[in-house]
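Single-structure report; data block below.
By letter and in written order, the chains are A, B, C, D, E, F, G, H, I and J; residue numbering begins at 1 in each of them.
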Amino acid sequence: MNDAKTELGRKILRIKRKQGMKWTEVAARIGMSPTWTCALCMGQMSAEPHHAQGIADLFGLDEEEQATLCEIPYRGAQPLPPTDPLIYRFYELVLVYGTTWKEMIHEEFGDGIMSAIDYDMALERQPDQKGDRVRITMSGKFLPYKRY
Amino acid sequence: MNDAKTELGRKILRIKRKQGMKWTEVAARIGMSPTWTCALCMGQMSAEPHHAQGIADLFGLDEEEQATLCEIPYRGAQPLPPTDPLIYRFYELVLVYGTTWKEMIHEEFGDGIMSAIDYDMALERQPDQKGDRVRITMSGKFLPYKRY
Amino acid sequence: MNDAKTELGRKILRIKRKQGMKWTEVAARIGMSPTWTCALCMGQMSAEPHHAQGIADLFGLDEEEQATLCEIPYRGAQPLPPTDPLIYRFYELVLVYGTTWKEMIHEEFGDGIMSAIDYDMALERQPDQKGDRVRITMSGKFLPYKRY
Amino acid sequence: MNDAKTELGRKILRIKRKQGMKWTEVAARIGMSPTWTCALCMGQMSAEPHHAQGIADLFGLDEEEQATLCEIPYRGAQPLPPTDPLIYRFYELVLVYGTTWKEMIHEEFGDGIMSAIDYDMALERQPDQKGDRVRITMSGKFLPYKRY
Amino acid sequence: MNDAKTELGRKILRIKRKQGMKWTEVAARIGMSPTWTCALCMGQMSAEPHHAQGIADLFGLDEEEQATLCEIPYRGAQPLPPTDPLIYRFYELVLVYGTTWKEMIHEEFGDGIMSAIDYDMALERQPDQKGDRVRITMSGKFLPYKRY
Amino acid sequence: MNDAKTELGRKILRIKRKQGMKWTEVAARIGMSPTWTCALCMGQMSAEPHHAQGIADLFGLDEEEQATLCEIPYRGAQPLPPTDPLIYRFYELVLVYGTTWKEMIHEEFGDGIMSAIDYDMALERQPDQKGDRVRITMSGKFLPYKRY
Amino acid sequence: MNDAKTELGRKILRIKRKQGMKWTEVAARIGMSPTWTCALCMGQMSAEPHHAQGIADLFGLDEEEQATLCEIPYRGAQPLPPTDPLIYRFYELVLVYGTTWKEMIHEEFGDGIMSAIDYDMALERQPDQKGDRVRITMSGKFLPYKRY
Amino acid sequence: MNDAKTELGRKILRIKRKQGMKWTEVAARIGMSPTWTCALCMGQMSAEPHHAQGIADLFGLDEEEQATLCEIPYRGAQPLPPTDPLIYRFYELVLVYGTTWKEMIHEEFGDGIMSAIDYDMALERQPDQKGDRVRITMSGKFLPYKRY
Amino acid sequence: MNDAKTELGRKILRIKRKQGMKWTEVAARIGMSPTWTCALCMGQMSAEPHHAQGIADLFGLDEEEQATLCEIPYRGAQPLPPTDPLIYRFYELVLVYGTTWKEMIHEEFGDGIMSAIDYDMALERQPDQKGDRVRITMSGKFLPYKRY
Amino acid sequence: MNDAKTELGRKILRIKRKQGMKWTEVAARIGMSPTWTCALCMGQMSAEPHHAQGIADLFGLDEEEQATLCEIPYRGAQPLPPTDPLIYRFYELVLVYGTTWKEMIHEEFGDGIMSAIDYDMALERQPDQKGDRVRITMSGKFLPYKRY
């Protein structure tokens, strides 16, 4: 159901590569974070009209493509377990740290979960003498399990 | 192959609950971070002897149990996709954000991955008027794909 | 990890059957809804101490069993697709109505989801001349997808 | 086998979006409930000719498309487990509440199931100070397991 | 959850083999059909008390085992696809004849299904010169898909 | 490998629907049973030339399409478990009654299977005051397991 | 359901190894082929009483174990795809030669199958200068697909 | 990666059917066995140029198609478990006889496997009063597991 | 997402076959190893511009195809378990030797892994009287599991 | 079927750890390579009696345990995809390099495979200023695909 969004994502990647643009620049243009902006272009988020307008201006998209950016996607199209090593490492973290997250969040907050919807994330380069590091900061609202 | 480490994990959880101890306290005792300490107790990490000693002191473990803490585990025993909602939300992040991580890390660092081995993580409570948030900070060394 | 909660659930079912008690009666005793009370006894919810106390009084449970009721479970232990016809019908509803839920909730609320955490449910008999019906009422908080 | 119905569904969604029409309005035109009407347009139900006529009038469909609305579908085309978070939450309810439904329905009705065929459902907005809620009401005929 | 019913099934098979009894004889004793009686003993049906009593008399079962016969099972415990050739042939029929059943039932009855709950079945030997045949007669109530 | 047979099946269904023809009528024309005739048209059986001729006359098929009807198919193309509720109910019968078939056939015939190849089947409407029923009669040759 | 047959198989293997007996010797004792005899002992076939008697004499089995040899098994308990290289090679033959068998058998016999029930097989050493070979001869009755 | 080989196989089957040719005739023309020749045409083997030339002469293939016959395939494209009954029976043999092959080959040859690479096979009709049989003779080199 | 890289790989294979070129020659032209060069052409690595230029010169690729060689792939597109016997043997090594690698690497290096990113590999022919051998040399950096 | 070999493997690991012995020392004692010796102890190889004797002497094993070392295993018991990161990296190599192995081996040797049976392997530490490396050398006999 996301064919249009996926195809648009590929088109944006091609243009972006030719223009040598960066996600931070794209994000700055629409006043949003680079992570969300990238996820939007990859077809995993839905834009409000002014976001779509800004991105269309940057990449020369037509009206139908703007509408596509605003559509709410059927999220999560990629197959799991991931075959790509970069994506697999995150999957591996779930395998290795799943129970740790469970014990630590329950200890601190009680019964409930970290929301993946009321959620934001940032990614940055962390300089390090032994080799620079990828630093990812996630923040999700704690939702207590309702007792009724 | 991890039966001993898994069973020891359950025993530690039972004792910890009765003693009302927190992971930060356990971690402080052995001079390590709470996340790693919790992962160790959950059977996903291998301790050095002095860590095992510290934990044994806290929870009253015998020598064989200390040796078990030092053993290198067959990691990642839990089934995926996770059926537990808390753990599933992290799995969902891989589904939704997998391509975003891929595009952003490659843009910033070139071809390579974020290590899940030379990796550390912290989890903390982020106070928020609309409801407190879970904040997770991950840091993994960037490993460039070797061209040879 | 839920062995204790699952085993306790079976024990409660056995006692409940012998006592001829109903979930509404159990629920009334602890001042909660029958659905949540049943889910708690089936090992899928975590009780507060006074709930555990009430249930222990009813079924003659000891202290360790009360503690088990209070533990936060690794939820969702049953295999999917369900082999049991009663449970399968709910699975079938996801197959048949999944896209309908998606379109209707997005139309009414915009991009986001119905929470399965801040969620409650009731089940009742709906008398009907052509054969009585099962009536289930679900209510979950709408969570808007965060744009950041 | 449902290619025609699925493709027609996408076309209807596109037109509906442009016309800014709502499922309640579409449903009112054919005298049916919004849920069933939406499910029909998503390719999961079969229309009687006058329903197909009414929908064709609204969206400007041709005769072959009307016939497509009347065809009985091979239902349930979407993959499970769902990757989309909104649909997944319903799947999660089966994981968490499957045994609860089983115990409560058997207690009230005896051995049998809730029909997913002689079944109807409504979805509405439930205003709430702490955030509006999605309210879903399901009603399925109880079918006793035949003893013969 | 059906451990008790499965184990009881094995016990009944052992006793039945020793006594050289046939399903028709067991069925006659409780006034039910051989198919249902066999399915009951295999742990897939729930008995009424007088059925359980009759079977207990035949096989020398105690009170708890009678109660087990009356319990409503979590049905369908065997793995699919079946590895056993006899059971696999029925699975193969679904592969080969699935679309035929769909087209023929819809042609005759319209949109709906054949119930597997309000359902009965008989199995008999059909003498044949070229080799006797297994004859199975199934009868399930037609349930029309509700339009609402 | 069955693309041609599957596509031809869809074409036949379209024509049959327009002509308002029934499987019994199609079957009568070629002197075969309705079930086999339907299965043939659905691409699951191979015709002899005179069957193909008869069906071609009825539906206006060309010579290549006749040849396609005569081809031996790679059978069983539909995915299992079935997502369609009508087909799923037959799959459910295998889950629920698999062991019953096994015990009853072995009791009556000894070690062996019911053939799904030397097999025929009929489907008819069984009038019933409480709602008409689908009646399916299967007959398969018993094949004894060879001891050698 | 085959626990008894599987366990008996392991016991027979242990005794056979200690006695240094060969399958040809076991088979000769009961007047059957080595392949069938081995399959019987591995729990995949059902013996007639005199076969069971002969094997019991050889290996010192008691009466209950003889009865176990006579029981009809739930066949095919090993997991597929096989992880063992020897067994995997046969699985690979199905992958590589499946379509070849299909085309060649249909060319020679028409529509139908090679029976795996009315089937026998022999295995022998085929001396060869470049290294001895395993020679397997299979013979299965051709069963024509019934047209009715 | 085998699209060209698979498509060529379908073309050869179509031509062969029209010409009424048999695999033995095709094989005779290139001086190879019918089984290997059929497997080659089905896209599972690689030809030497003179084989490709011979087959091209018979079926009127062009130079590119000859090259395709010579290409080494990515073998084993069909899905397992097979849905086609003819191919499934061979899969079933692996389920039923897997452990028998293992025990008998090890008894005769010691630790090792039967090669599926240095392997040949023949298929013939075995006349039989009770119905003709399919006779398959396999021969694979025994490869001892290296100890080093 | 790798469609372009995969398709380019097929084109390169076709040209290479016609030109009778070897991977060692291709590799020599760009000053890299044959293994990496082959992996690059198969769409699993990303080239630097001068590598892409060299390969374009050899095979007559245009500018867009050079850009495709430089793109970072979504790696690992082939399905596992492999159906092709050559690739399967490597998969089998993981099944058979997985625990051996684990024990030996941990014994020598402690807790950690062999990197598959900072990794190189060579493949050569190893002449041998009993039949030449494939010799593969892998070298991956040891990465110690971080304790923090 | 390998329970005894697996359990013996765990016992050997425990003893070896206490004795502080290395695989090279164990291997030297029986005159075999460390890799094969480790694989044998992990239950994946079969020993000749004098190997079993040597290992028994080292670790104090009894006669039955020696016999267990000599038994031919059902190989490959660990689940794939591997959840353990160290083992997963080898699985990933199959994903990333599978097609490269296929193209390079065919180019050098023609149609055939690298044997995983007539196969040996060595593992060593490769000192490196930027961090030591794991060096693995594999050697498998090339087996040409038989044309017959």
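Going forward, contacts are C-beta pairs under 8 Å (C-beta built on N, C-alpha and C of every residue); 3 or more make two chains touch, one makes a residue touch a chain.
Quantities reported herein were computed from a predicted structural model and do not represent experimental measurements.
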item: Chain whose average C-alpha position is farthest from chain A's own; value: G
item: Shared interface numbering between chain I and chain H [over half = same, under half = different]; value: different
item: Turning angle required so that chain E lies on chain J, C-alpha fit (0 to 180°, nearest 5); value: 145
item: Centre-to-centre distance between chain I and chain A (centres being mean Cα positions), rounded to whole Å; value: 30
item: Cα-centroid distance, chain A relative to chain J, in whole angstrom; value: 42
item: Euclidean distance of C-alpha centroids - chain C vs chain J, Å; value: 48
item: Distance between the centres, which are taken as Cα means, of chain E and chain A, whole angstrom; value: 51
item: For chain C, residues that touch 2 or more chains besides their own; value: 1, 35, 74-76, 81, 83-85, 92, 95-96, 99, 102, 106, 112-113, 115-117, 119, 143
item: Listing of all chain pairs that touch each other, if any do; value: A-B, A-C, A-D, A-I, A-J, B-C, B-D, B-I, B-J, C-D, C-E, C-F, D-E, D-F, E-F, E-G, E-H, F-G, F-H, G-H, G-I, G-J, H-I, H-J, I-J
item: Residues of chain J defined as touching chain G within the complex; value: 1, 67, 73-77, 116-117
item: Residue ranges of chain B in contact with chain C within the complex; value: 10, 17, 83-85
item: Chain I partner contacts - residues on chain J that touch it in the complex; value: 9, 13, 22-23, 34-35, 38-39, 42, 44, 75-76, 78, 80-82, 84-87, 89-109, 112-116, 119, 121, 123, 125-126, 128, 130-143
item: Chain F residues within the chain G interface of the complex; value: 1, 32-33, 35-36, 45-46, 48, 51, 72, 74, 99, 102, 106, 110-113, 115, 117-120, 143-148
item: Interface residues, chain G side, partner chain I - complex; value: 81, 83, 85, 88, 92, 95-96
